[in-house]
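Here it is: the structure, laid out below.
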Amino acid sequence: MLHVFRNKPKYATVRTTKADQEVEANGAQPRKNADQLWTRCDDCSSLIYNKELQKNRYVCHHCGFCFRMSAVERLQLLTDECMFTPFDALVSANPLDFPGYPEKIAHYQNITQLDEAILIGEAKIEGYSCVLGIIDFGFIGGSMGSVVGEQIARGFEHGIAKELPVVVVSGGGGGARMQEGIFSLMQMAKTAQAVGRFKRAGLFYLSILTHPTMGGIYASFASLGDIILAEPKALIGFAGPRIVAQTTRQKLPPDFQTAEYALKHGMIDGIVTRSEMKATIGKLLSFHL
Amino acid sequence: MPTIFEWEKPLVELEEKINELRTFVYEQGIDFRDELNDLERKADKLRKEIYERLTPWQRVRMARHPDRPTALDYIKMIFDDFYELHGDRRFGDDQAIVGGIAILDGEPVTVIGPQKGRDTKENIIRNFGLPHPEGYRKALRLMKQAEQFHRPIITLIDVVGAYPGIEAEQRGQGLVIAECIEQMSFLEVPIVCIITGEGGSGGALAIGVGDRVLMLEHSWYSVISPEMCATILWKDANKAPEAAELLKLTSTDLLKFGIIDDVITEPIGGAHRDHEGTGRQVKAFLRRHLSEIRKISVDELVNQRLERFRKFGEFQAKKLAETVD
Amino acid sequence: MLHVFRNKPKYATVRTTKADQEVEANGAQPRKNADQLWTRCDDCSSLIYNKELQKNRYVCHHCGFCFRMSAVERLQLLTDECMFTPFDALVSANPLDFPGYPEKIAHYQNITQLDEAILIGEAKIEGYSCVLGIIDFGFIGGSMGSVVGEQIARGFEHGIAKELPVVVVSGGGGGARMQEGIFSLMQMAKTAQAVGRFKRAGLFYLSILTHPTMGGIYASFASLGDIILAEPKALIGFAGPRIVAQTTRQKLPPDFQTAEYALKHGMIDGIVTRSEMKATIGKLLSFHL
Amino acid sequence: MPTIFEWEKPLVELEEKINELRTFVYEQGIDFRDELNDLERKADKLRKEIYERLTPWQRVRMARHPDRPTALDYIKMIFDDFYELHGDRRFGDDQAIVGGIAILDGEPVTVIGPQKGRDTKENIIRNFGLPHPEGYRKALRLMKQAEQFHRPIITLIDVVGAYPGIEAEQRGQGLVIAECIEQMSFLEVPIVCIITGEGGSGGALAIGVGDRVLMLEHSWYSVISPEMCATILWKDANKAPEAAELLKLTSTDLLKFGIIDDVITEPIGGAHRDHEGTGRQVKAFLRRHLSEIRKISVDELVNQRLERFRKFGEFQAKKLAETVD
């Protein structure tokens, strides 16, 4: 296995208001000013010293809210000494000739140092080999275009070929990559079918939902896990809360579409704190050898 | 009052004129044959001009025409018999999706489709054709039942999207869409999906995984509605016409992309102007495609279905130079 | 086929209050007095002339409420000229040595002229051959003991052997035959498994729920139909309404556990009036040749 | 304050006396060895007398003892590891039923059981161990998952019944019980069901269709609770003791009938007096039965399971004479 990352991640991501997650998110927010030393927790409004936040794996130590992490940070968190062999890199085309889309891709490649919104490959977690895919919210809101769909499909196919379990850490704002139009929608079918084939091969798929997992990602591979876990307070749902509020003209419940809400309503198997996530994945992999 | 689009107005005026003239001829017995022929030629020309160069946005609006045939209209027109089945056996019976067993050329098939209302009262019962999770669970139940009895499945798709409501989210709207897509993919019966009006995102795809996916000429199918796309791009839902252009959501585009297999041509002026004609067209296309896929063994059918969706997507391998740097 | 009934049914059944259906019902109420010419509708309280009621197939012509029918009357209603070949008759044992049980059986055999609470055999409906089972509420409330369970199981086995569809008309007050204790409970497993085997053989099971279908009958074969129909206003549920009211100390909704309630809540496929039942069964059988 | 049954009182008093004497010996250093031995012999004799001739009703009451181990207690005592899984993926997570993956002798198994609370607060959360339909749907989901991964299923049954509530009826309590029974019957994995306390009717059978059905000594299993039976027979719930007698609901009766395969003996005085001892017993019985059925091929296992339930029931063919007359 290779240690694939030359650069340490430069940027941490912060959660902004619920409203802006719904529409296209701007992804990772580089903290440009050196004097911007503090971050305000979106959930409890505490001010947290950035270094403290980073040391605490971007978890608010006041309320337990899990800030977004980049895929690389997540990889460092979950894998054994970053043991990870990535799949061949793929980059987006522009199937609809959508104006400005190639530039947008280039921009986010530059910011995130990723090729696309997913990091995927073979990994070791707590000694167990698996396919590990991680969606990076920082890349156009973690949305699923052709590349994410293809890589997810390849992930499950790789799992079938090598008889490995698959772990996917999802986290996408709106789910779909609007700029790829119908091709983005078709990735829902492609990935759901890949999961279907994988399950029919008798293999184990662990889906982990992080803040936020919405739309087309939630409505395809992310909600098809044999076991589904979530980070505390992660936003999980199909329609964005703003759209729901607009459509229904009702006040949303305070915990609407949180991980806790999903658990209460039977949609996920459990909520796992960031610090226990790796050990929990390891345990569940050990249950499915 | 029937809805008349602005681009239809010259045509409608001309047609009214023709009708008036006809009445006049009938009542007065004066021979205006030449004038009438002339006017009708004009009308034909105008029809062609109008409907051949409809913009994507105009086609979206036609797909939404309040007089466009609904699922139950098509069912009545296409099939010899129909028995509606209800309920998801878990929570409720969602009237925004209808389904049941129908007879086509003497053979039973399972038919499922979102159902819009014709008036406000019916639209409230039908929730404007926006399904809740129990609607999709009913659809899935009926699809599984079709598989059990080796009945082909026909879905008639006309849905802006899965309902974005509090209770719908509570009961797992996203999860049920994923389940529908996944399970429909592996059903061992022929499946024909027909987008008859609106094909809105996951809510349409949930019943859109077929061996053949057909689209009526003036229907649309997209990952996002033009209005929502415009809101995201320009914070202005009024720019939906421009978004409709960008999204490539018409039957013409989607046939070119290979996303759909065939375009069902509508009677000139659109389905809303001629239900019976549209019904005949849909029936003819359905028969042809269904008889083709009925010949394929179910194993092969499922394989082809999976391959079909597997190949959708455009991307390139990353250039080696970049990988090395 | 045989015309198996020597005696025309002597007694019609009437619905009593909801409360007494729950506990053990007394079954068919013979109208002993010749001067008792009227029956009060339980649903709309109209007084109906008995002859009228019988002519109208025991349906209230004011509100459509379907009074209970004996199994024989139901057979006459549904089959083509009573074309029906019954299975070998079985009679109850007394596995728990329950005091008074044999006498009770004898009493109801005498009253109903049936061997047990079920009439089952091969029948013709609208020209289609099928296995037809009918529960008779008049026989100890239409409860399921070993005989009903065995006959239902045999019905599905006969269906498998002869590749025939099965139609069961259910209607049992409390579902279980208390006097057979655990053996009664086991009939739920036996009949549900018989349905399971039948379904796995690719055959069609149409379940028809009549007033009342409750408890162990509802919670086994009756709710496992590929298609489930009900008569208007039939009481359908697991726990009896009185128990629900006692347990929850809540006022029950006015339509609680009616066929209409079951339809609204997604539990049945449709409600079919008594006069349309035969034609509907015929149509659905024709859909599953 | 621990619950003490009236028939336990002489024993409890004797045990207290013994303890007092022991304390006295310890504190004062006086030798009462003979007296102590004598008292302990008496206590042993009393225990035997009491617990060997418990009436069915007394055993029902022991099955309901508030200190009796619950599902989660057994899980902790029997298994090396446990990860609880939640939700039915449709409506909710019913805390009246717990389930998850556990490790027994290094091998994963799926464990499911209704969960009673230990105090009022927990009992409210757990709905007194009375499941709603979503609880049974969770159980079914976990059982299907166990089948997918070839894990044996162990159910720990202690439930008065499925909850008879308005919402429970609304969401199909009867229907879900039927589905559980039917689908459990065909699962291609070994299933051991252990009735640890109360086995109340359909709510117990819904998770009780196993290749082996075991019962703790002082548990009950019946089509109806003694109270309800008494109410029906004599319109008097206070006559439950008599009804308990009639219903033949003890492990002794049910073993004789062949409804269950084995009786797990409890430590003298009952499970509530010795959790650890009970846990060891349950584990030993579970291990033995599970290892036996693990040796059987799954096809054969399902066949045997179906045959097992197929034969339950007592009846006679109608005598010919009767048929003729």
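By written order: A, B, C and D. Residues from 1 in each chain.
Rule of thumb we're sticking to: contacts are C-beta pairs under 8 Å (C-beta built on N, C-alpha and C of every residue); 3 or more make two chains touch, one makes a residue touch a chain.
For clarity, every value in this text was computed on a predicted model and none was experimentally measured.
Per-chain CA centroids place chain A at a distance of 54 Å from chain C.
With centres taken as mean Cα positions, chain B sits 33 Å from chain A.
Rounded to a whole number, the gap between the C-alpha centres of chain B and chain D is 54 angstrom. Contact with two or more other chains is made by residues 89-91, 171-172, 175 of chain D. Residue positions of chain C touching 2 or more other chains: 265-267. Viewed as a network of touching protein chains, the structure does not reduce to a path, ring, star or complete graph. Pairs of chains that satisfy the touch definition comprise A-B, A-D, B-C, B-D, C-D.
Those residues of chain D whose C-beta lies close enough to touch chain C in the complex are 162-166, 168-175, 177-179, 181-183, 185-186, 201-202, 205, 209, 221-224, 229, 231-232, 246-249, 254, 257, 259, 306, 309-310, 312-318, 322-323.
By the touch rule above, chain C contacts chain D in their complex via residues 23-24, 88-96, 98-99, 115, 145-147, 149-150, 153, 176, 178, 180-190, 192-197, 200, 214-216, 218-224, 237-240, 243-244, 247-248, 250, 252-253, 256-257, 261, 265-267.
Residues 89-91, 133, 137, 171-172, 175 of chain D are the ones that touch chain B when the two sit in their complex.
Remark: chain C residues 199, 202, 204, 226-227, 263-270, 280, 283-284, 287-288 touch chain B in the complex. Across the interface of their complex, chain A is touched by residues 81, 83-94, 101, 103, 108, 134, 138, 145, 148-150 of chain D.
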